[in-house]
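Note that chain A is present in both complexes that follow, paired respectively with chain B and with chain C.
The block that comes next holds the complex of A and B.
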């Protein structure tokens, strides 16, 4: 058993709004071990990004962690103050963001933005060494003529190049844990593939644990070792990638998989999941998915769903019988 | 860059000429002219004299001809003669301009130094009590009419407390030099500067706050935080540098408001600047002085907007002038 890098236990993240407390993340648990990739899937608004921000300590007011804990290599970090988290951020854990167009500061040169991290976490380096390291990172992520790009401003780079620069920045201090929050969503398909390859390649080289967030199951099938399916702030199914793709149990997982277009299958219309995620401010009782579930019965509204284990690694949040059994 | 500056200078020059014609026409359309004023001062003057004087000064000609004559002189470097001061315009305008320059620079600097940090703090602590108070002060500053404020300042600081003189430019009859002279000037400038800046402070603080609120929420600020950079550098380096772009715009636009505010302020405090000169010149039908003062103020505003444009290029790498 390899080393556990990140462990999330019963995490609950609450936004204290005027309309009352809203639990954007409501009691989720998982762990990631060294060198493995956990894919978190779910549609918009199900709490994927809030989970990542909770780990990184980047929650914006009025959001805060109100329950459970987050352990980084066995050390509890969920209660730490912003200043105490600074040494983790960028050094031990790093994050790549969704929008390469806006995630880089438009008025600061690419090189300087990478330098910052070395200056913060590697204070013993001279300014010349810092520059060398930054250029080396740009080279590592496959940016052509890195010396020139070092002096470029973000707007002088294409979307794919910017995402590469962001990856260079995130990985500059050899983090043990990387959160990739939909890193390919804003890119076109050919660039997507390149970026995915790059992340996987760097993961193999540096042995990082990766938490990969996406709503694209195609992407997940390529990168993830384990998968966590989230719905309305909760985990509705988790297991290894094989288990999830071969034996989806929760009706939501099933529906998600059904909505991927398949080569060679002629369909009149692509199946979709009708309706939307229930508003987090107004969660129904019982199963959260019942209003959109084709298998829903009366019991779904009454009984709180519980985790059913299929194997030691595979479990799902069940009220009625799983879609698998139908 | 050089091309851009040259192009802008040419544009500014054309604007200046166009505005000079508009200003000249407005002055000429005002009821009465210098000769009419002479008439009221001298009851013995005859209608023949009036007609002769009007012809002598060219006041019987149509506006465009008078403008042409004035322009022809200006091009030759002759700004004309002040009717009220009985000296060439160039002689009075120089020192007046310098006085106004001190006043405006002081007001602008004070407003920037006080208001921008307040706006930044309000944005960083947005929603807090401090933010609330800063906002309250900013709105109060924006809403106060400057002439009223000037009168209140005079009542409080010079009549009641006696800290500053109620008006004037410098102590008359003493020969001060060096630092003492500077202090003396500063003493006379304090109240005019205050009454000029309080409105600007409100405006600048509001803009700084909203610009900062915007950039503090930006994705790149979150990226910077995710790198482990501490709070103050994130705010100053990442958020504030981006917020500076809209702030500079507002400062440049407001410069013209400060200048027009100076006309009122200088008049109330009898401060011997261009603003007061314009006011007196218009009241006394002293066209030559008024026209030159107008041109200088228009020129300053145009110049400031050029400076702002150049600053953009410096602050925002996405803007290039090549």
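The block that comes next holds the complex of A and C.
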């Protein structure tokens, strides 16, 4: 059994608004072991980014963790203050963001932005060594002529190069845990393929645990060992990538997989999921998916769904029978 | 053979670059460089390519939001590049656009009824305010919204509903051709399927022709009858959709198809990715624009630009020197 890097137990993140408390993440649990990639999929507003922000301590007012805990290598980090969290953040845990142009500071040279990591977390290095390390990082992520790029500003780089620079920054202190939050959504497909390869290559070399967030089921299939499907702030199904794609059990997972056009499998009409996600500010009782579910019965509104195990790794939030059993 | 509704011949759109103190013209961006295409009435023609390949510029030049630098655009047999005044207004009535970002393409301070009624007011052929209101309600119902929505503002709607408002506005004047510029790329997958189905329904009902611009090849395969792949303003390959996806000929098309991650296929083993970035259109490479990234590059490719080649069947065209040589050999 390999080492568990991150464990999330019953996490609840709440935004306290004037209109009342909104539970953006409502009791989710999962863990990631060393060297594995967990993919989190879900549509906008399902809480996948809020989960990452909760782990990294990046929640902004009025958001806060109101329940459950987050453990990093067995130590509880969910209650830590900002200063204490600095010991982990950037050093042992790092994050790559979706939009590399907004994540980078436009008026500071790329090299200096990478230097910051070393200055903060490796104070014993001399400024010459810091520069050498940064150039080495740029080289590691496959940026051509790193000495010159060290002096470039973000706007002088293409989207793919900016994302590489961001990855260099995230990996500069050899983190054990990396969160990639939609890292390729803003990129073209050929560049996306390069970045996905790069992340996996670096993961193999450095043995990181990766939490990969995306709404693209194709991308998740490419990178993930295990998958967590989220809907309206809750996990509706989790399992290994194979189990999720071959035996989807929750009607939502099933419908989601059906609604994407697949290359080489032309259908006349796409199956859709009618309706929209319920507002998390005003949750319906029972199953959150019932208003859009083709199998919904009266029981779905009354009974709280519970996790049903299909195998030791595969479970789903069930009120009635699994989609594949019907 | 059905009627050709739109024909584009050797279309060019170059944007000048001004720089220096006096802002002299110092160069050109050849956003669209010698594009030729034909669109059949009632069909969907797809334009694909990565960012900066000129697909949106081509769409906007066809809708006359940009004036063409050179070349002709024939709409129902008439050249529309020289149109102005009343003629241009009539043309615009027949060609409408749906934009990518449903958050940016609707005025946040206008109610839904004002947004959808705007084209009806601009091209008013004697309708009273009441008739226009009735038409707005009818349009909203056609796109799957409710009459009760008329007095709401865009921010009260979800992304998918906003895109429906944009579609209602586009079909308000019963156009013949709609240019859809990435209409589903900002939407969640479950909503994307709803909007794609709506577009297909409307096409059947109103006999619409679509020029469908997208970077997502799986969406293009799903909805398009014919497809053109563009790279740096030029045609790389064009063919009926089933031919292009089954039998891609150009190395770039192959690489694009190969780069798409497919749900449920797991990790691809040793796939060959294109290296490098898309070159800047300000300073494109010599010869074949694709040669610095091409896995099948030959010495000739660096100097000689390829011609557009008919691959002999089903109106399948590609521009690649390698294919030219193969075709010569076969003769």
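Note that in this section the second predicted complex is superposed on the first by the 326 of 326 C-alpha atoms of A that agree within 3 Å, B and C clash if a C-alpha of one lies under 4 Å from a C-alpha of the other, contacts with A are read in each partner's own complex, and residues count from 1 in each chain.
Definition applied: contacts are C-beta pairs under 8 Å (C-beta built on N, C-alpha and C of every residue); 3 or more make two chains touch, one makes a residue touch a chain.
Not measured: the values here are computed from a predicted model.
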* chain A residues in contact: does chain B have more, or chain C? -> C
* Asked: Once the shared chain is lined up, is A:166 touching chain B (first), chain C (second), both, or neither of them?
  -> first
* Asked: Is A:180 in contact with chain B, with chain C, with both, or with neither (first, second, both, neither)?
  -> neither
* **First, second, both or neither for A:43, with chain B first and chain C second** => second
* Touching partner for A:230 - first (chain B), second (chain C), both, neither -> neither
* Would you sort A:190 into first (chain B), second (chain C), both or neither based on which partner it touches? => second
* Asked: Which partner does A:257 reach: the first (chain B), the second (chain C), both, or neither?
  -> second
* To do: Report for A:83: first if it touches chain B alone, second if chain C alone, otherwise both or neither.
  => first
* Please work out whether A:270 is in contact with chain B alone, chain C alone, both, or neither, and reply first, second, both or neither. => second
* Which parts of chain A are in contact with chain B and also with chain C? -> none
* chain B to chain A touching residues, read off their complex -> 127, 217-220, 222-231, 237-238, 241-242, 315-318
* Structure fact -> chain B partner, complex, touching residues on chain A are 56, 58, 60-61, 82-83, 86-91, 94-95, 97, 99, 102-109, 116-117, 120-121, 153, 155, 166, 169-170
* In the complex of these two chains, what residues of chain A are touching chain C? -> 43-44, 158-161, 188-194, 196-197, 200, 215-223, 241-242, 245-246, 255-257, 259-264, 266-267, 269-274, 276
* Complex interface listing, chain C residues touching chain A -> 50-51, 158-160, 188-194, 196-197, 200, 215, 217-219, 221-223, 242, 245, 255-268, 271, 273-275, 277-278
